[in-house]
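Think of it as A, B, C and D in the order they're written, each chain with its own count starting at 1.
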Amino acid sequence: MIRAGIIGATGYAGGELVRLLLGHKDVEIKWYGSRSYIDQAYASVYQNMFRLVEDVCRDDDLAALADQVDVIFTATPQGFLASALNEDILSRAKVVDLSADFRIKDVAVYEKWYGIEHKSPQFLPEAVYGLCEINREAVKGARLVANPGCYPTCSVLSVYPLLKEGLIDPDTLIIDAKSGTSGAGRGAKTANLFCEVNENIKAYGVAGHRHTPEIEEQLSYAALMPVRISFTPHLVPMNRGILVTAYASLKEVRCPDGRDRLPSEEEVRAAYRKYYEKERFVRLLPPGVCPETRWVEGSNFVDVNFKIDPRTKRIIMMGAMDNLVKGAAGQAVQNMNLMFGEAEDEGLRMPPLFP
Amino acid sequence: MIRAGIIGATGYAGGELVRLLLGHKDVEIKWYGSRSYIDQAYASVYQNMFRLVEDVCRDDDLAALADQVDVIFTATPQGFLASALNEDILSRAKVVDLSADFRIKDVAVYEKWYGIEHKSPQFLPEAVYGLCEINREAVKGARLVANPGCYPTCSVLSVYPLLKEGLIDPDTLIIDAKSGTSGAGRGAKTANLFCEVNENIKAYGVAGHRHTPEIEEQLSYAALMPVRISFTPHLVPMNRGILVTAYASLKEVRCPDGRDRLPSEEEVRAAYRKYYEKERFVRLLPPGVCPETRWVEGSNFVDVNFKIDPRTKRIIMMGAMDNLVKGAAGQAVQNMNLMFGEAEDEGLRMPPLFP
Amino acid sequence: MIRAGIIGATGYAGGELVRLLLGHKDVEIKWYGSRSYIDQAYASVYQNMFRLVEDVCRDDDLAALADQVDVIFTATPQGFLASALNEDILSRAKVVDLSADFRIKDVAVYEKWYGIEHKSPQFLPEAVYGLCEINREAVKGARLVANPGCYPTCSVLSVYPLLKEGLIDPDTLIIDAKSGTSGAGRGAKTANLFCEVNENIKAYGVAGHRHTPEIEEQLSYAALMPVRISFTPHLVPMNRGILVTAYASLKEVRCPDGRDRLPSEEEVRAAYRKYYEKERFVRLLPPGVCPETRWVEGSNFVDVNFKIDPRTKRIIMMGAMDNLVKGAAGQAVQNMNLMFGEAEDEGLRMPPLFP
Amino acid sequence: MIRAGIIGATGYAGGELVRLLLGHKDVEIKWYGSRSYIDQAYASVYQNMFRLVEDVCRDDDLAALADQVDVIFTATPQGFLASALNEDILSRAKVVDLSADFRIKDVAVYEKWYGIEHKSPQFLPEAVYGLCEINREAVKGARLVANPGCYPTCSVLSVYPLLKEGLIDPDTLIIDAKSGTSGAGRGAKTANLFCEVNENIKAYGVAGHRHTPEIEEQLSYAALMPVRISFTPHLVPMNRGILVTAYASLKEVRCPDGRDRLPSEEEVRAAYRKYYEKERFVRLLPPGVCPETRWVEGSNFVDVNFKIDPRTKRIIMMGAMDNLVKGAAGQAVQNMNLMFGEAEDEGLRMPPLFP
């Protein structure tokens, strides 16, 4: 039995972790951390857990927690884990961090985009970026996993094979992303009230969203060159789901007769298949079928597909996933499974919920 | 392994059955019946099932189906099963009917409210009304289970203990119910378009909804007298969920000193406890906490609670559940579990999904 | 030109007042009061007003305001106006109060249900309850109008003619109401976040909502006897709209032959017609058509209708309106029109917006 | 008084025309055409118009209609007007066509993208593309106005000044658009049911949407060269609103010292101002403020703004409008106003409705 502790168990990602871990056959949650609700019954905050969770919420004491559990999930604001982590904790418990603290290898980039000082850069080298489909082997041996951001997960998985195979021009990559509102968190802000979000769509963080450098770093590894993208997130009036629509110019292929041509549908499809064919959680949809968030809700799937536009010589790449599952808690569980030698999909086998 | 067939697998209730049965350790779905999509891949209709279901949709051939499966679920329009059922089929496979055909014992009542002739009244006597919490033992031995309607399930469970214990006056019972839109089915009707339902609430079927006699029949068994209610359903702009708000006058209790008094909060609570304390799927909430549909979404739970209003000497009883789970597919699986000796909650243990 | 000032101009009701008054040919808004946004451009808070409103927000100074305007609208928390009002102000400007401070004539009742001391009960006798359809003449001469609550407006108008004509038994009256989320205000509360409200319906304030005594007082005037009701509001995932579903037992009519019978559909309809036939803003729908909130959105209409249920000898009365218009700002403008001799529907002629 | 007839009065755009024309001081609607509801009261289909519209729906007889009205609005399926129009009709009544029949000058392009034969190409030369802000003078003298599509209106207005002023590279233009569901029409299709649209976002018509050539044609006029774009529409779970997020590479400016630099924020802003400063319905938002659909709902405004991204040397242009108003009926009224010498904003002065 893996003993697990959650710091930040009453945020939306933390709540989703509880849901998923309750369905995991080898996990026992020992610690529901929530600074805002200390000593209150967890099920009084997340009433869906009434009679399923008897525990009360506890403080954010990482050191005490490390004594009692095998794995710590931190679903906390940026900066928390970097401030609290030390070798002693890491020597006693593995950590899956759902915040951004250890996702970006370059401290200067982190500090610039997040506007805070990084308090424990010494752990950056060992932290593994937990995008399982790409870094599976490294995750298996990690003590500290940086669970990817929601937008980066969907963005990277949607375009990765094409960058890796050199089918698109990295300098032309534009990612237009749309997210449900749970991604904005459970904090009481006017901007996230029902009446402000409902019947509305807006872009936000234009040309400045913090997930930009995270996406760029991962895509640069794939492209073997620095990648700089336009990334624009949008807020959509729905609870869950992220949809990525990515645009890039296809690189032309030199034919035997010396002429250039676009890669064919089949060639592009083969590139996706090469990387995802054996993946449990990435579904390459049939030709012509667009990913939609409703078809992945509640599950750990990322649905991807693409469309070649010969008129513009561009390709439109699309990805859909549940931001709270594959974009947060589900991927965290997937990482934990890899770290502890569990079946990678243990606790993550539920089909998507529709409608 | 229980071999299962579904007639009407591409409606919302049928789709939910597929979702739940895929997570049931002892069930294999052998037949995805859908007259509208014959020979089309099931996952092309319900894309959430891509790579999870490989089968194509098949016709509604009950006789052929009975040869291949142990249990048949019919999620079909009213009248279908009554027209198609015969002794031969029932002798080979058990049937859980999600339509209304065998819920009402009195043929005349059925024919009046549904406006169609009942084609096989001979099976009405043996059909068991599959409200597991009330008819558990009968369900275990049944060949034919009439799976209760969504509104009746939530309505009956919300008021049952108080009628049974004689705490309320049956003649004063009023049930005001609110349902998400999946209850209206997947048929292409203008009235159910997004723009017609969104940003709207309306009552419908006022003083004439077909679930009225079903609720009345069940409540009459509890009250040991004929119960006649006002029942008003409303359509709410959300996908899933039913909320019942029921009103009744409390019966006063004669005190030792000869004066009458209302039953106390604790006496009412004891009545609920008496019937539901050991129930896995009925959760009596703590005092003062109102049921909300969000807390049961995706699960088989019914959350119930009540509030005594001494000013009016009435009690307000409330119940919330997911209309597609406890109100349809989940209860059907629960019935199947009872009929086949499975653990009653097998396949139904997932916690509610929030948000 | 009527010069108007608004205290609380950045709440939802205040914002709606701005929208309506901008379309009023004889009104000029001179003061946008908002304690939270002092000195900020109003259009930076309500961006829909960009280029339509150039003013900045100002403090809540009633005395200063009374010098500059002819009418003051207070869309403020309970207790504000009662604390700030005095004879000097009232002698200089008329006041339409959208809070509850002057709606209830009995100070003790107000103080019990609102839990605060009433600071200026001396103005209660002169305050006119501004339900125009019922108190039109009194409103015309008023200095201080208590603009009715949203639930009371819809509830009272839905049942008023039947109580007035003695067609229903007041003791049996139950009002089950459903409201969009703008009724909860623009305060930053977790409970009103998009993800908490969306995909959910719940009852709240069960047997204790503050609009209960307000409804009871008005209904008592109609019934000429004390009326005590059950009132249960529900929160619906939509921006605007209130739907009332009210239940009561019909009083039987003695026939010439000595037998009792229920009032007929036509008799009940005649009662509604008697009171509403000439009303611009109350629409009695055709037989069989249920009120729906979508058909009144953005307008000052209240749609009402009813259904007789001979089985239970009850009548179900229904009403739908936009909580921010007829339930708040629209009715306030209607009151102002009456107070200043304007056409009652000036500024209120826009048809409902659908979808 | 302008006498107006509407063909297709029961679609969403037709219904919006009715709403707007009812508020127009110089228009009288003489003909509510709706083939599906002939002889039914219009207000029985659009119940918001109860007591506001007394007429019944009539057939689609253009010739008869031309005798009775001064202007005909056709909110009809593609191909209808092209099949029905003739010189006789045009000589008697002006026509504002909300379909695509006369938007594209090149018949071959129309026939390729719409897949139907154009039955009256002889009227294409005289048809004026009714984007008032750009073709105002031509509209004034037109007999036949092709009312622009919803996506084209928002797309063109969002990028027009920058193409016109040569600030962006037309070959890099990518338009990612998001629309509310009313844009999908009122036809009873499964894909547009509440439960299919709610809690979902998807792209559709990827690299093949019919509005693409319309946008390209208009942008080509602005750029004085053929423009070919990537255009991807998305379906958003809300009733109204279109948001356009457009990406293009900025053209660098040669400095006096021979170096190249990006245009400044102020230079770009000046370009927008040059074209929109005097426009009643295009609002250039303050720096840093993103357009949101909620701020234009119900109004004829288009809100535009932009963000320069020096990292990628791209500019992100954004536009928001109500697809049924400026994207359909509102623009049609604006065109009519111009054609008949009315004030351009007559009937269109209502502020946006929020929330």
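The rule is simple: a residue touches a chain if its C-beta (ideal position, glycine included) is under 8 Å from a C-beta of that chain, and two chains touch if they have at least 3 such contacts.
As the structure is a prediction and not an experimental result, all values here were calculated from the model.
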Omitting chain C while every other chain stays put - resulting connected groups: one piece
Interface composition of copies chain C and chain D: same or different, split at half: same
Relative orientation of copies chain A and chain B, as a Cα rotation angle in degrees, nearest 5: 180
Pair sharing more residue contacts (C-beta pairs) when A-C is set against B-C: B-C
Approximate Å spacing (C-alpha centroids) for the pair chain B, chain C: 38
Distance between chain centroids, defined by C-alpha means - chain A, chain C (Å): 46
Multi-chain contact sites of chain C, meaning residues that touch two or more partners: 12, 182, 195-196, 198-199, 237-240, 292, 294, 297, 355
Graph class of chain-chain contacts, one of line, ring, star, complete, other: complete
In the complex with chain A, residue positions of chain B that touch it: 12, 15, 18-19, 22-23, 44, 46-52, 182, 199, 239-240, 283, 285-286, 289, 292, 294-299, 303, 349-355
Footprint of chain C on chain B - complex, ascending: 174, 176, 178, 180, 195-196, 198-204, 206-207, 228-230, 232, 234, 236-241, 243, 245, 247, 290-294, 297, 307-309, 311-312, 314, 316, 318, 320, 355
Chain D residues touching chain B - in the complex, by the definition given at the top: 12, 181-182, 186-190, 192-199, 237-239
